[in-house]
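Chain lettering (A, B, C, D and E) follows the sequence in which the chains are written, and residue indices restart at 1 in each chain.
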Amino acid sequence: MSALLALRGVTVAFGGLVAVDDVTFDVEEGSITGLIGPNGAGKSTVFNAVNGVYRPRTGSILFDGRDIVGMPSQRIARLGIARAHQVVRPLTDLSVLDNVTVGACFGRDALGLVAGRRRAAGVLEQLGLADRASQPAGSLNVAQKKRLELARAVAAGPRLLLADEVLAGLNPHEVEEMLGVFATIRAAGVTILMIEHLMQAVMHLSDKVVVLDYGRLIAVGTPAEVQADPAVIEAYLGDPHAAERLLADEP
Amino acid sequence: MRATLHGLHGLPRPFLPVLLLIVAVVAALPLVTGNPSLREELFFMLLLVTLATSVNVITGYTGYVSFGHIVFFGLGGYGAFWSMQVLGVHFLVAAALGVIPAVLVAVIVGGAVLRLRGAYFALATLGILEATKAFMTNFEPAGGAVGLSFNFSVYANYGGAKSAAEMAYVFMALVALGAITASYLVRHSKFGLALMTIREDQDAAVILGIDPARTKVAAFVISAVFPALAGAAFFFKNGIIEPGSAFDLTRSIESLVIVVLGGIGTVAGPVIGAAAYEWLRGFLITNPALASFQLTIAGVLLLVVVLFATSGLVGVIRSRVPRARGWLE
Amino acid sequence: MRGMRITAAVAAAVLVLAACGSGTTSGPKTLKIGFTASQTGAQELTSKRQVEGIKLWADQVAKAGGIKLKDGTVLTPQLVSYDDESKTDRVQALYTKLINDDKVDFLLSPYSSGLIKAAAVVGEQNGKIMVTAGGADDATMEQGFTSIYQLYTPGSKYLTGAIDLMLAMDPTVKTIAIVNEKDAFSTGVAAAAKPYAESKGLTVVLNEGYDSGTTDFAPLVNKIAAAAPDAILGGGHFQDGQTFAKAVFDKQVAARFVALLVAPPEPTFSAIGAAALGIVGPSQWEQSVKYDATTAAAAGATWYGPAVADFVTAYQTAYGAAPSYHSVGGYAAGLVLEKAIEDAGSIDAAAVRKALDALNLMTLFGQTQFSTDTKTHGKQTAHQMVYVQWQAAGDGLASQVVWPVAVRTAPILPRQ
Amino acid sequence: MSSLVVRGLEAGYGGVPVLWGVDLDLRDGLLTTLVGSNGSGKTTFLRSVMGLIRPWRGSVSLDGLDVTRLSAHEKADLGLVLVPEGRQLFTTMTVLENLEMGATVRRARPLMRASLDEVFTMFPRLAERRGQQALTLSGGEQQMLAIARGLMAKPSILLLDEPSLGLSPRVTMEMFTTIRALRRAGLTIVLVEQNVQLSLAIADHAYVLAHGRVELSGPAREIREMPAVRAAYLGASSAE
Amino acid sequence: MNLGALLPSAIDGLLLGCVYGLAAMGLTLIFGVTRVVNLAHGPVIAMGMFVVLAVASGAGLNPYIGVLLAAVVGLAAGVVIYVVAVDRVINAPELTTLLATFAVNLIIIGTATTLLTTSPRAVDVDLGALRAGNVTVMGTHVVAVVIAVAAAGALYAFLFRTRLGKSVRAVAADRAAAELMGINSRRMLALAFGLGTALAMTAGALLATMFSFNVLSGGTYETKSFVIVVLGGLGNPTGALIGGLVIGLLEGVTAVVIPVSWVPVIEYAVFVLILLVRPRGLLGSRQ
């Protein structure tokens, strides 16, 4: 497997605040890669750097071997990078179908309206939203919105899907369903980089897990390797010793 | 075309042809009955329809509040008037030439100010309007403060003043129909989808692969063309053009009021809004008890619509008459 | 309120008509006269005065039993009017309505050049005769109209007369500044004044327009002060004229002669106190000017209508205020139309047009004669401007007619 | 004595439910922590308790008084003070002004001088920077200021939303030490945190929230030992 | 071109700029706190003028009592405008609040035109003049500057020295956080609208002591305020005052070298240019 996406020494800073600090990792073509880390670790910033919302201060981001740093977001989207946001951003006043059609019409395949609608309808079918097609997107519930967000990204026909906490806020049954959806997407040959808090899911789905903490890369490896890494445990649950110390401090 | 556009929405409804037919039939009334005063009233109504429909493209579909939209009406009017007077071309040619300065301003100035968002954009359009007006007041080749006026004999080329007025009317009606059609096509195209995506969430639009800068400028240009043509017809009929009447801020705001009154972001909204607005104005002006307070009453009504009926008349009709929903876009 | 008054007037006219209706067999007819009034917008105030003049004329004619034609027909004027909101596009729609729906026989004009221009196009399109008051624009009357008749002295003569007056007062005046509001009317007036001044050997040291909304004249007046002209000519409308005069006074600009458009004839111009002193202004009409049968004979014109004093009294009674020239303009428009109809002996457009073309009339408004040249048809050729100057009178100020010499109430004084 | 009783609280955004009926009883003088994954409804819970968003159903009572329908500023007046997620400082104002604004409520105004001394003793760095614009503070200092501002209101109950968000481990530790000190001083606190380990370590009582419902509640010590909690946050128990 | 007018025009411009700045401060304060561009700004300025007229010509009192009264009336009027027209749509998109305040504009203008007509008015205030060489400074202008600066100073003292003023600033900075601190944010928004309106009416009142005016006169100053506010940075009161001086100076000085009628062209071109190059204004660096 070759790297579809490669980050090389990427640093993103806002003024004096370094949000992503010298991060390097690969996402292999056809894989599912998990990107984890506590809140504020810089995961979403990495996504924003990849799809051109933020420009890294240093480093390069190679997509299919081509450096995409400095490219406007819409061009990056057309190269085949689609994103499902953590905070769902449906186009509230538009119908569910239109929301997904936007993905199809302006993504990698840049379909015409008619073909776009057809593709969108297909994706909605696939993601189990077909019966909601003509509803305004604003009327969907959280789970449906998450699904819509994913559908819109998938409809673009991307090579790489950036999935930002798509499972957050779903109930176990919905998570189960969504896992199936991911499998389908992957089977269609789409590479997935996902930010996820729901560990079972990440560990279950991912071929590789990348862990960030305070903007730095602290671990890369298979799910099993990462879960056993003390640095990861500390980053995630907080330093257990720190907790011990705090408790020990108790008079 | 329509059927495929609607293919996934259920049964296709001939909304556009019906709307166009209604407007066309109404517009044809004064020609059939030969009633010039009805013609004058409808000329004005069709002008309002055109202005409101056009500003709706940039404000309703794209979410950019353009306060100075009337600048295109004035530029089109000046361009056409100057062409007729100095180049001596026929009105139809002149109207086409009048579109040029409007489109140029839309592309060059629009391209720059469309980067601004929210109140900043609204204020910038206001600045552009005032700057253009102040400039034209001083620009002697276009008559400066005095403006330009025809010698009455010009109308002889069009079979006399009466038939010139009729021609201007027919032209105005066609422009209005064109604006409605354009509005509909934009609403139902990939391009329109991009506009509405920008309106809902510009940052998301970029990530979805939409180039907001180019898309917005294109929308601005479309929303500039029809007012420019309307300006050509209006000032041709008027026989005089001067900065004050060509770049009138009040008229600019009037068209926004119509859009909101009718239903922002809908195809039928500006048309219904213009009709309602004109009816209301006529009612207020002819009612002696209300006439002197017409501005006050207009303000109160606008406030009521803005505060309590945000989706305008189209919204009200759609919520009251569910069956109308598919027919009113 | 005004709307109600007009309605009342119309109602009164209708009542009068109804009362006469049962009389003679040849039948009193209604003479429908249409115009628009600016009940809102920029022209509201002046339009109101003009409408009052028109109304007074119509009331008086009705009271006097109507216009009696040679064939025994009696015409009672009925006024039809709408609010044009001071907007040109409204004017066009409403004049079309007056002509086609209300089927008026004749048209009078709205107030102000801009609105008249728009109304004239419609009147001309429909071949309706329109007598205009309240508009002095030259360009409008050079458009090749056949049915539009202008009562006011054209604007091009506003300041040329002032230049004559100035040189008569003080032949040593050499340098002048011409500053005017940047609107169609004032720009036109100033444009005519410049070549005339130069033809009289004057040097124009400053010639500038100012924006219509200007309230702060300090930069312009500083500039004038720096150019130090002997005289200042210009202005625009009332408010800017008044503010400008005050600024010239405050900044102690030492011009010997200052003539401004529109503002000085207004009684409220003196609200600026000493700043008004010495300011000259052209006026279409002043109460103190006596036009009568004698002046008519001297000018070779026919005297027609009431005496100035009678009109002033009637106006005072009706509206509780002194008439301004706007009011007289409106009144005279009715009068001129009345006379032309009488001369024509019918309301046939061609006949009335012929009568108007032939008219050489002196009324309380002054002399009236229309150009019959095809290029300038209908333009006023005989009406004379009068010039007023604010002069000290006891503790206060009084506006005196200073020009033409024949009708003046006081000699012109140089500005201090 | 302060008590906060929440019964059957339902709330959400734009017609989408987030909370499905949450019950909570606050114990006076204790530190209660609310943990749960992102999107489980913790922040929504605090916001609807405060009245920043209108609860759909359910009730909130403070010291036996039904305050469900009161707006946030009225609740603040009654002593219920939220230190919001993301700090929400008045960035254009100075540190001192931020603190003064904290003492807006009637109860706190006369005590402002004393409160200022207290918080400056507690956070000496804020005292050093009292004249600086809040915008110019570091992340840790900003969080301190947010808490200090909340304390200025002399709360009877302090609600803390993710105070360690975006802070370095060292500063996080300081923060928790501070919170524990507040608790020891007798303040009633509700702590919403992503740092489960630390918050359970200093809390007396804990609620675990999932999908807008309370999944578990009990003494923090017990919850901390439950494998289910570990599983919820770190995936499989195989990690041991 | 005669440069003899340069100094007097620069001085005149700066003096008048203070009053422009005061009006603009009102607009920018309202925007800064409520995020609403108040399209009723012009009519409000005109209301200030008529308060002076009523006091001076109507009641025959000192016109400067009218200036004081204008501030008081403005505060009340602003609160009323906020409660009636703005409060309900305070969180709605711009177009909504723009049209809501424009509706207020129509209501004020419509009512005032009917009741007061559009006739020009003037309040004759003669405080003499200071003269030195070719520079003449009118007493009314000096007093206007003093009052404008005092009003601006009072605003600053209020915003930075009083608890209530700081609460207004807190609401401007973060409405929700202010609410959490026990600040009644709606009340502060209404107060900000009142203060902004009071400033605009005070400016209008001062203008009435210098120039003639009518019901519609506010329009010119409204557009000028927009220019100034953008120049100084939307929402920045200091910026507005300095922007006022800049515009006043620009008007005075450019008129010396180019025809006065071109001054508005320059003014609006600068306005659009600043929006494009530095939308935060020349002084705006807040975000």
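Basically, a contact is a pair of C-beta atoms (placed from the backbone, for glycine too) under 8 Å apart; a residue touches a chain by one contact, two chains touch by 3 or more.
Everything numeric in this text was worked out from a predicted model, so none of it was measured.
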Inset, instruction - Touching both chain A and chain D: give me those chains, sorted by label. - result: none
Legend entry - Partner chains that chain C and chain E have in common: B
Legend entry - Chain separated most widely from chain D, comparing mean CA positions: C
Inset, instruction - Can you check how far apart chain B and chain D are, centre to centre, with Cα atoms defining each centre and the answer in Å? - result: 53
Legend entry - Euclidean distance of C-alpha centroids - chain A vs chain E, Å: 50
Inset, instruction - Provide the C-alpha centroid distance between chain D and chain E, rounded to the nearest whole angstrom. - result: 42
Inset, instruction - Two or more other chains in contact with one residue: find those residues in chain A. - result: 92
Legend entry - Sequence positions of chain B contacting 2 or more other chains: 134, 137-138, 145, 292, 294-295
Legend entry - Per-residue multi-chain contacts in chain E, two or more chains: 110, 113, 259, 261, 264
Legend entry - Inter-chain touch pairs (all): A-B, A-D, B-C, B-E, C-E, D-E
Inset, instruction - Give every residue of chain A touching chain D within the complex, in rising order. - result: 17, 38-40, 92, 138-142, 145, 165, 168-169, 171, 197-200, 202-203, 214, 223-224, 227-228, 233, 236-240, 242-244, 246-247, 249
Inset, instruction - Over in the complex, which chain E residues touch chain B? Could you list them? - result: 31, 35, 37, 84-85, 88-89, 92-96, 98-100, 102-111, 113-114, 223, 226-227, 230, 234, 259, 261-262, 264-265, 267-269, 271-272, 275-276, 279
Inset, instruction - Using the touch definition up top, name the residues of chain D that touch chain E in the complex. - result: 50, 52, 71-73, 76-77, 81-82, 84, 88-93, 97, 100-102, 104-105, 149, 153
Inset, instruction - Can you check the complex and tell me which residues of chain D touch chain A? - result: 14-18, 37-40, 139, 162, 165-169, 172-173, 176-177, 180, 194-198, 200-202, 211, 230-231, 233-236, 238-239
Legend entry - Residues of chain C touching chain B in the complex: 1-4, 7, 39-40, 82-83, 85, 87-89, 92-93, 96-97, 99-101, 114, 117-118, 121, 124-126, 139-140, 142-145, 182-184, 186-188, 209, 211-212
